[in-house]
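In what comes next, chain A is part of two complexes: it sits with chain B in the first one and with chain C in the second one.
Now for the complex of A and B:
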């Protein structure tokens, strides 16, 4: 069994426009095959952290090492990450078309994979003919998840991936992610405001506020015995404990 | 005055932008009383947002047919002139859209966008008055340093901050009807609670009627007196919140209630 870390972050600081210090001395690591939850106040820097991990921040210091070939992210705002001028079928096939050499897939094989993935996220195959603007919020969110998973990634950052889904489909997506985690060893950084969903998904959780990690540990322990006042406040507001 | 603010009769929405027409909202009926908070829950893709957009007069496209009746404050909206609609939009009806990024203008500062309805519907106001109201409104949605947020662009805000900006702009003219389409999905639970209190206060003090669309069933239960359940373009069940939760009549409603996340690990 591999025990190496897939992600290691040391003393990370991120700034916007020089003045705005958004992430303050963040350090943490993730084991390969782990699901780590990230919870925190709106505006505290969760999405900024996710973008830093994917190399999308220009103004930072500290070290980020991600040991994974093809990291993927499901963005909080799926609309802006889907190409508006392409049909869903095209968007989902794109990562499959990129496969080269021995991995190259025929048209039929690509179609088959897309169809299977659509079924897994609970969408009708007809949706391939639609443009992103022609979908409901929850349908778009599922397309963003499907697109990320079709990349066969080992590391996924999911930023509020189930917030636009009704609870039955939400349960289906949670199962799908947990299955991929179990069967393929998928590592997930799972950002969410829903503390119950975090409990279902994650082994460990970090609580963030104002650019800092306030508390971290096993989900069970933190939910049962929170140390930080803000964590307590969150759990209370969510009617946990 | 009639105590019914919104009366939707046999609403049908059909898209003609593909080979075969798609019938996505089917014979929807709903009634919203003045001062009422009505919840809409249901399947993703079941037509909740489209129904909301139809009420707000935003489905006027050649490739969409809408039929039925939407009577708001005694006026028929589906057949109304565009100029008639423009008087109502943002003034009598405020909408918090499900995806802030698609409705905020990326090239305009937040303050400008929050003030938009004031510029249209309150021409007598001067710049300073608009500024004061906009800052007040941003503050009411729990945004720290509203004066700073006022000068920012949408991409400089977090997802939850943008969502609160949407709420602030929808409420600024104190509409008779506030349509809130998934208004708290990007908010942490403590801020979510503050927003719920804000909506309740608005409803109590200004008699604002609220159409609250959400996947968060416990939130809907707390906020709404009555709930509509939608599935596949139809309203499948309707009733008092308590009743829907304790004694659901339809299979789909039961399935929804059973799927409310609990504090336990699912079996894989």
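Now for the complex of A and C:
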């Protein structure tokens, strides 16, 4: 595994409407192939940070350096992640249709890649003929992950990908993400407010509150010996320790 | 459950009426029992019979033949009006709704100004400037119909542009144009289709109204509105003329209204 940084953020400040200061002087880096957890309460700026990294935030200062082509995101709500009027096969082929020039793929090649990806995320190939409304939340989230990976990305932001799912399905999706991380060397920024899920998934974790990073470090280190009062409070509330 | 049942019943009845009306319209394009403009003084105000199903008018012209021809004219004008309104409205609504910002503000305020005037009044101004005739009616009503479709489509685009699947498409490198027409537009079809049906009804009534006022289809061409206007003078001597013409307008509008209602999700 390479140990170079895939993401480096220095002194990032994000504003909404030029007045509301959402992210305050955020600096951190992420190693290639690492799973970094980002934990914090709702409204603390986790999704704003993700949007800034993906270039979906225009009103910011500071530097964001992402050494990866086609960064992708898996969203929280599996019900709005997939186009309701298209079949799964079409949805999964869409990123492949965007390939230009020498990378352009024939219909047969696209279908082959889709079939391989479906197998990788543990879904039956017949699911291509279904509409999103015919699938369960877990199946939809698997499709969303498959669609993101079909963009040939090495960096994935998972924005609370399991919080809308029930516990058994949560475990399946976490297992899938870990498996894909291992197989494809995927770097994942895993956003969550569930400390137990972060413990299972991540190598390192950052604790965020009010647009600032309060504490960061290895998961074991932070969970066993938290330094910040807010981190201690979060761990206590989650019944960890 | 009850609402769903009502919607599907409306859909079926609407479909039956519309199919019958469309059959009569298509029939009128290729065949009429008599020449709709041919006068026959011996048949003046003839009562409905086997020979003349709906009787004859003040010039002895066969009313059924004129109804068939008139329905065709009204239908074509309403269709062309809706096509102009929908195509322009979808383009304006999609672009402003998707991109938002100052473009949306400017275009939609202009839209609001046009929308503030009743479509018939706007069409009357247009006709008074550019003259009567069916082509000018189509253009005038078409322009007057643009704001309502633009507003509906814009609302849908504002709703869909924030959905995660659209964000994913942007991240996957899909162009704005493709997102607008391939990713979002098909999802607006349910709402758009029912608006098209309602728009079509309004266009039928607007055309009939304008021809009734004498600024739409000009004689000797027939249209349901101009026929109703003529029939008004003979309401007591030949009531069938007004009744059959009015009935056709009602059925045409009712069929599409029920279809629009049925298409709405229960």
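Here is the rule we go by: the second predicted complex is superposed on the first by the 187 of 241 C-alpha atoms of A that agree within 3 Å, B and C clash if a C-alpha of one lies under 4 Å from a C-alpha of the other, contacts with A are read in each partner's own complex, and residues count from 1 in each chain.
The working rule: contacts are C-beta pairs under 8 Å (C-beta built on N, C-alpha and C of every residue); 3 or more make two chains touch, one makes a residue touch a chain.
The model shown is predicted, which means the values in this text are computed figures rather than measured ones.
**Q** What is the contact status of A:85 with respect to chain B (first) and chain C (second): first, second, both, or neither?
**A** Only chain C is touched by A:85; chain B is not.
**Q** Should A:12 be classified as contacting the first partner (chain B), the second (chain C), both, or neither?
**A** Once the two structures are laid over each other on A, A:12 reaches no partner at all.
**Q** With the two complexes superposed on chain A, say which partner A:95 touches: chain B (first), chain C (second), both, or neither.
**A** second
**Q** What is the contact status of A:77 with respect to chain B (first) and chain C (second): first, second, both, or neither?
**A** It touches chain B and chain C both.
**Q** Applying the document's definition of touch, where does A:50 land relative to chain B and chain C: first, second, both, or neither?
**A** After superposition on chain A, A:50 lies in contact with neither partner.
**Q** Quick one: classify A:144 as touching chain B (first), chain C (second), both or neither.
**A** A:144 sits against chain C, while chain B stays out of touch.
**Q** Looking at chain A, does chain B or chain C touch a larger number of its residues?
**A** Between chain B and chain C, the winner on chain A residue contacts is B.
**Q** Which of the two partners, first being chain B and second being chain C, lies in contact with A:38: first, second, both, or neither?
**A** After superposition on chain A, A:38 lies in contact with neither partner.
**Q** Identify the overlap between the chain B-contacting and the chain C-contacting residues of chain A.
**A** Residues common to the chain A contacts of chain C and of chain B are 77, 80, listed in rising order.
**Q** How about chain A: which of its residues touch chain C in the complex?
**A** 54, 56, 70-73, 75, 77, 80-86, 91, 94-95, 98, 144, 147-148, 151
**Q** So in the complex, the part of chain B that touches chain A is made up of which residues?
**A** 15, 17-18, 41-45, 48-50, 98-102, 156-161, 164, 182, 185-193, 215, 217-218, 255-256, 259-266, 268
**Q** Once bound in the complex, which stretches of chain C touch chain A?
**A** 163-165, 167-174, 183, 186-187, 189
**Q** Going by the contact rule at the top, pick out the chain A residues touching chain B in the complex.
**A** 16, 39-43, 46-48, 76-77, 79-80, 129-130, 134-140, 142, 159-160, 163-171, 174-175, 178-179, 182, 193-197, 199-200, 223, 233-234, 237-240
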